[in-house]
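You will see two complexes here that share chain A, one where it goes with chain B and one where it goes with chain C.
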Partner chain A sequence: MADAPEKARDPEKEKRKIKSVSKMKEIMTNYYIEAKTARDSGKKVAWITSGGPVEPLIAMDVIPVYPENHGAMIGASKMGVDLCEKAEEMGYSRDLCSYARADIASAATNGGPIGGLPEPDFLVCCNNICGTVLKWYEVAARYYNVPLFILDTPFVHREFSDAARDYVIRQIYEYIDFLEVQCGKKADFDRMQEVGKLSVESMRLWQAVLDVAAHKPAPMSAFDAFFHLALIVTLRGKPVVVDYYQGLLDEMNERIRDGIAMVPNEKYRLLWDNLPIWYKTKWLSEKFASHDACLVADTYTSAWSGVLPLIDENNFLETMSVAYTKIYINISIDLMIDKLREMIRKYDADGLVMHSNRSCKPYSLGQYDLQKMVMKELKIPTLIIEADMVDERQFSESQIDTRIDAFMETLKS
Partner chain B sequence: MNPFDLFASVSRSPYAHARAEKKNDGKKRIGYFCSYAPEELVHAAGAIPFRLFGARRDIRAADAHLQSYCCSLVRGGLEDALQKELDFLDGAVFPHTCDSIQRLSDIWRLNAGFPIHFDVVMPVKLNTSSARQYMIDVLAKFRKDLEESLQVSISDDAIVESIRLYNRIRDRLEKLYLIRSGNPESLPPSAMNMVMKSAMIMDRAVFLEALEQLLETLSNTKAQSGGSKRKRILISGGICNHPDIYDVLAEAGGDVVWDDLCTGYRYAGGRIDESADPIEAIADRYLTRMACPAKHLSNTARGEHLLEAVREQKIEGVVFLLLKFCDPHAFDYPYLKQFLDDKGIPNILVEVEEQPAPEGQLRTRFETFVDML
Partner chain C sequence: MNDQIITVGIDIGSITAKAAVLNGGSIIGSRVQFTGYNAKKAGRDVLDALLADLGIEADRITAIVSTGYGRNNIDFADKAVTEITCHGAGAHFVNPEIRFVIDVGGQDSKVIRLDENGKVTDFAMNDKCAAGTGRFLEVMARALEVDLDEFGSLYARSDHPARISSICTVFAESEVISLISKGESRENIVAGIQESVASRISAMARRVGVAPPVMMTGGVAKNIGAVEALRKKLETDIEVSEYAQVNGAIGAAILARRLVM
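The block that comes next holds the complex of A and B.
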């Protein structure tokens, strides 16, 4: 959401607001209500990592819950510092991922914007995003005393070996076995296939939504992508996601037709790297807009659709497990640069803004090298912002303000 | 040189030692950062595995590649490589463990300028049959990669021979641990740290010989019959590159008699079956010895293991020695502490950045801690 200022109803600003937003909020609210009342309706709740294969859960009628999405909500509602401090009192180092810290503290205190997540019946951890989730889910497994399934997706340094392929494919079937035991019923593979089709369809639509920002001026920005991301993460495989993204895509195409840009007078187009700084999205989008700059795309939100070409709808389970192993954050720097290059060209970006996110080592370590490669090869200016996605204590506003000004000056000259 | 002086000198200047050794034996040196590096295979390929412990120095060159929120092992290792301090290495091997090592591997490969580089992308979980199969496949692939890069062929016999050597080393190391645990006065406070470091630096056959000599000189050591006022301490954590901590603890009245460190007992633990298929046997050691926090054996394996060591070694206090910014260990700390608290075992946390806290400060903390026991 670009978070246009609320004050007076400036028609100029009203025009730029994305209409679908309210529908999205409604879907997410309903989803959380359903999850929070799952016990009453006799449904199982599974916690799952954002990069994990959710489709089998949906096919088995399990309600997936995403601690990371919860972490983002905590960050956006500026409750991060308080919860992080509580986790630190519990003995968790301040240097650990703030999603994990905030979520662990929220579980222990029923704190945060929705009073804590619904308790899990079991946990599904896929380490394609990081090693942090393994440790975080072990903490949760001990805390709730529930079974933990680990889907281990070997990191792709230079190659993805046949052995790694066999390993993830074997695990996807172990995953199904695990679900059958947890749910006390057989998996319905036809249903799985259907859910897989819907998931692929949502990814396709999500990618199409992101692609609209290639248009000049961009009808939406990365900040809007951050907001609309929640659905592809949490509910892909459900029909409501397909409908929603179709509607959003239509709205975007309408905006293009009507010449509505997210940033009025868009002159500079920037690419964002890493997770959003959830408690500062509004400040950042206004800051860049004041320089006539629009963050048109980012490396983060496309993680859920970037592997689309690797998925075969007709062999969904197996190809999906391989595809999920090759997502942006699970590949080496020299493979990442290929993707960055592709995005910079596709969106015709004039500059790159990298969020060096203290919380997220797999995303952030290596950024300095990527930055050098981009400057050398693509000859565009780059900016590194040292911060954290949820822990506001790591954000120095005046310093970042000055750095953005300086960066924009280089860009303009 | 008597074996003890040798270990002291090797651990004080590992790089100089490796350089001198290499001049003599002409063997390749392969660097590694982590106890999941399949040393037995490197050794079978005729090279010597050399453990990097992270430097204790100011970081300059590595700052251009790594953020400050990264452990000193990773930052220090890269710094030394970029400063050309590691000119005796021919390359390095990176087993997959934590997120920081994972990225260091990329950065190292792209910047450190070594001709040889291995990624050994092991499984993260160690408790399923598919993980075992994958572990075996990964080790078999590493063997092939070694053969290609070092231009050698590695026979099964060579691996078995290497396994035998490593088994003997681990066996002797364990003996030494037990002697010192039985009688902490038998060796100076930081002796184990020096021996363990030397075990990961020296030509392994030469090391074994010296270790056996040392054991020989200790063969008459009698276990203490109790009654000592000194306290029995266990150190738990990842790597320990700060032998002075042992001395400061000793002066405060505590003897480190056991540890759960990857540069300590975790290295010595676990044997490899000499009669099984060698690759499978190496895999099985990794799957059964005590896991590091970056790997998954079970949700509570490390806690149970810690309590067991506390019981067996009659430990009176535990020092958690953690590197700042080390995620896997920091995540385990609260639960390990809880396990100890529940059993009434006193414990303290010492966090180490590039340098440990000033000695005076450590001394006061340790004195208070030991007094409390």
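The block that comes next holds the complex of A and C.
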């Protein structure tokens, strides 16, 4: 008997698929293989927070590993609940960030989609994203019995004083001293500068990729940005990122030329705030698309390139440290609303969808105030979805379904 | 508006299923019954029973809109619309002056702000937690061995409402039990419970921004104590719709009318 013919693919859907995706998967797979086999190749592994300055690590030939990216992978592969429950059995509170819970449990059990992260030789923690990472990395430092470097970035209300600037810059040099000790070699500042240039170049390209969604209809959505984000987070400073994003940008421009939209009948353009709900991205993107709505941009994926104007390539180390201090999540809501306003205008958004994320307190605190400001000043409707990025127990599908339907009814009426 | 166009709204809530029929733009009947396990069957049953009451043949119906959590299960409806839009439309129909609706049902509560055309401008929902819903009152009434209907009138007789500080239904229940064992009067405990529901709802209402005149709908609107406590908390008058429980179904019937006009 002949083989059954392959199930016919919907040509419309095929057309919409982003071709670069397979390349991206390949890069990420290679990266994790390299990290997991670092011991054999005599390389050091450092765990680092997502907002931490990674460029010095790359320049020192250390392989950076991101527990938060791993957390996102756990969430996307729907293994979050299992691992969060394990962490709770170990005694961690259910209120702790689900990235932290999932990662801690994965470390203890070698669980998760890649059987746990490679063990670190040392840890680098920058608190520009939250206070949670401090305690989380202290736990990891004790568990693996390895040194921990903490980079303390003061919260930016409105002003950023000279004293604060000096404080951060001084720590960057301490960071490099720390790396010299850990790696047993001197830092090469020319190499540092080179890596810095590549990092800036990748940020520039990443921002250019995100900007294509300003086109109507948008050739990609925030859900695609969530996926493609992994490179700018984990590998910025490496040539492969520059090449990949250049290819992605070319593909996007081609889509614009060919009139390919991510959402077939794009009528409504929405902005997303906060982290993705990793285990529900498909459901959410289909849900919004069923209302002819496209999430064209988000405040999260642009966090890695939003500070670009603050960086001077020729004084990378020092300007970078200031830039890292001023990322979206480390600023007051007075500054956040400036950013939101800019994005709503740039992408011509008809509405704002805010994910009130049970895990990420610093991101979610102030959302109700921001919501009020946006509605009052920019006069666009907003929707708040209560959920969690990894812990599926915090997601109630039928209730969120109703909220989205109601929000879209308001938008359409 | 006497055009003899018959439209129907069906509201499938988690506890009760409601139906309302409009003829020529006036409400001619409504009905409430338990939802049970099968939402689709509940929708069919409540409509059939109501049509039988009214002596109307099903084929005279021009359009049906379904709403509520079971809205997508009603496959004989022409359209499914969320309860937010329907409650807004229902309140606007009953009194076009209304700018703010507080709907407190069995399993959830919501607040809706309306513009002068009855269009929803903002809303908030509490659908995560039993506190601030009819369920909370039900659990407490059981603990106090008081009939739910009596619960409402006890509020007026309290001289000093007890303080229930837990925001969780389960913890609040044990708080109530310890108040009982301390000999606190039933009136004061009941009043304390109603105030605790009211503060939950008022927090949500203030988040959206209360704009009078305010109307209350949903099953809990029948509880005069809870309404009174909410009046006090929000420092504003609250109109209780005579169609409190079927407001969503009425709104759905109005929207069904718009489908065909």
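Brief remarks follow.
Just so we're on the same page, the second predicted complex is superposed on the first by the 405 of 413 C-alpha atoms of A that agree within 3 Å, B and C clash if a C-alpha of one lies under 4 Å from a C-alpha of the other, contacts with A are read in each partner's own complex, and residues count from 1 in each chain.
By definition in this document, a residue touches a chain if its C-beta (ideal position, glycine included) is under 8 Å from a C-beta of that chain, and two chains touch if they have at least 3 such contacts.
Treat the numbers as computed from the prediction; the structure is a model and nothing was measured.
Looking at the shared chain after the overlay, A:368 reaches both chain B and chain C.
Once the two complexes are laid over each other on the shared chain, residue contacts for A:381 go to chain C alone; chain B is not touched. By the document's definition of touching, neither partner reaches A:206: not chain B, not chain C. In the overlay built on the shared chain, the residue A:402 is in contact with chain C alone; chain B does not reach it.
Set against each other, chain B and chain C touch different numbers of residues in chain A, with B touching more. Legend: residue contacts after superposition of the two complexes on their common chain; A:316 is shown touching neither chain B nor chain C. Legend: residue contacts after superposition of the two complexes on their common chain; A:413 is shown touching chain C, with no touch to chain B. For the contact definition in use here, the residues of chain A common to its chain B contact set and its chain C contact set are 368, 386. Taken in their complex, chain C has these residues touching chain A: 69, 81-85, 108, 119-125, 127-128, 207.
On the side of chain A, the complex with chain B involves touching residues 90-93, 95-97, 100, 127, 130-132, 134-136, 138-139, 141-142, 148, 150, 152, 154-155, 157-158, 161, 163-164, 166-167, 170-171, 174, 332-334, 356, 358, 361-362, 364-369, 386.
Of all the residues in chain B, the ones that touch chain A in their complex are 64-67, 69-70, 96-100, 102-107, 110-111, 119, 121, 123-125, 128, 130-131, 133-134, 137-138, 141, 293-294, 296, 299-300, 322, 324-325, 327-328, 330-335, 337, 351. Of all residues in chain A, only 368, 375, 381, 384, 386, 396, 398-399, 402-403, 405-406, 409-410, 413 touch chain C in the complex they form.
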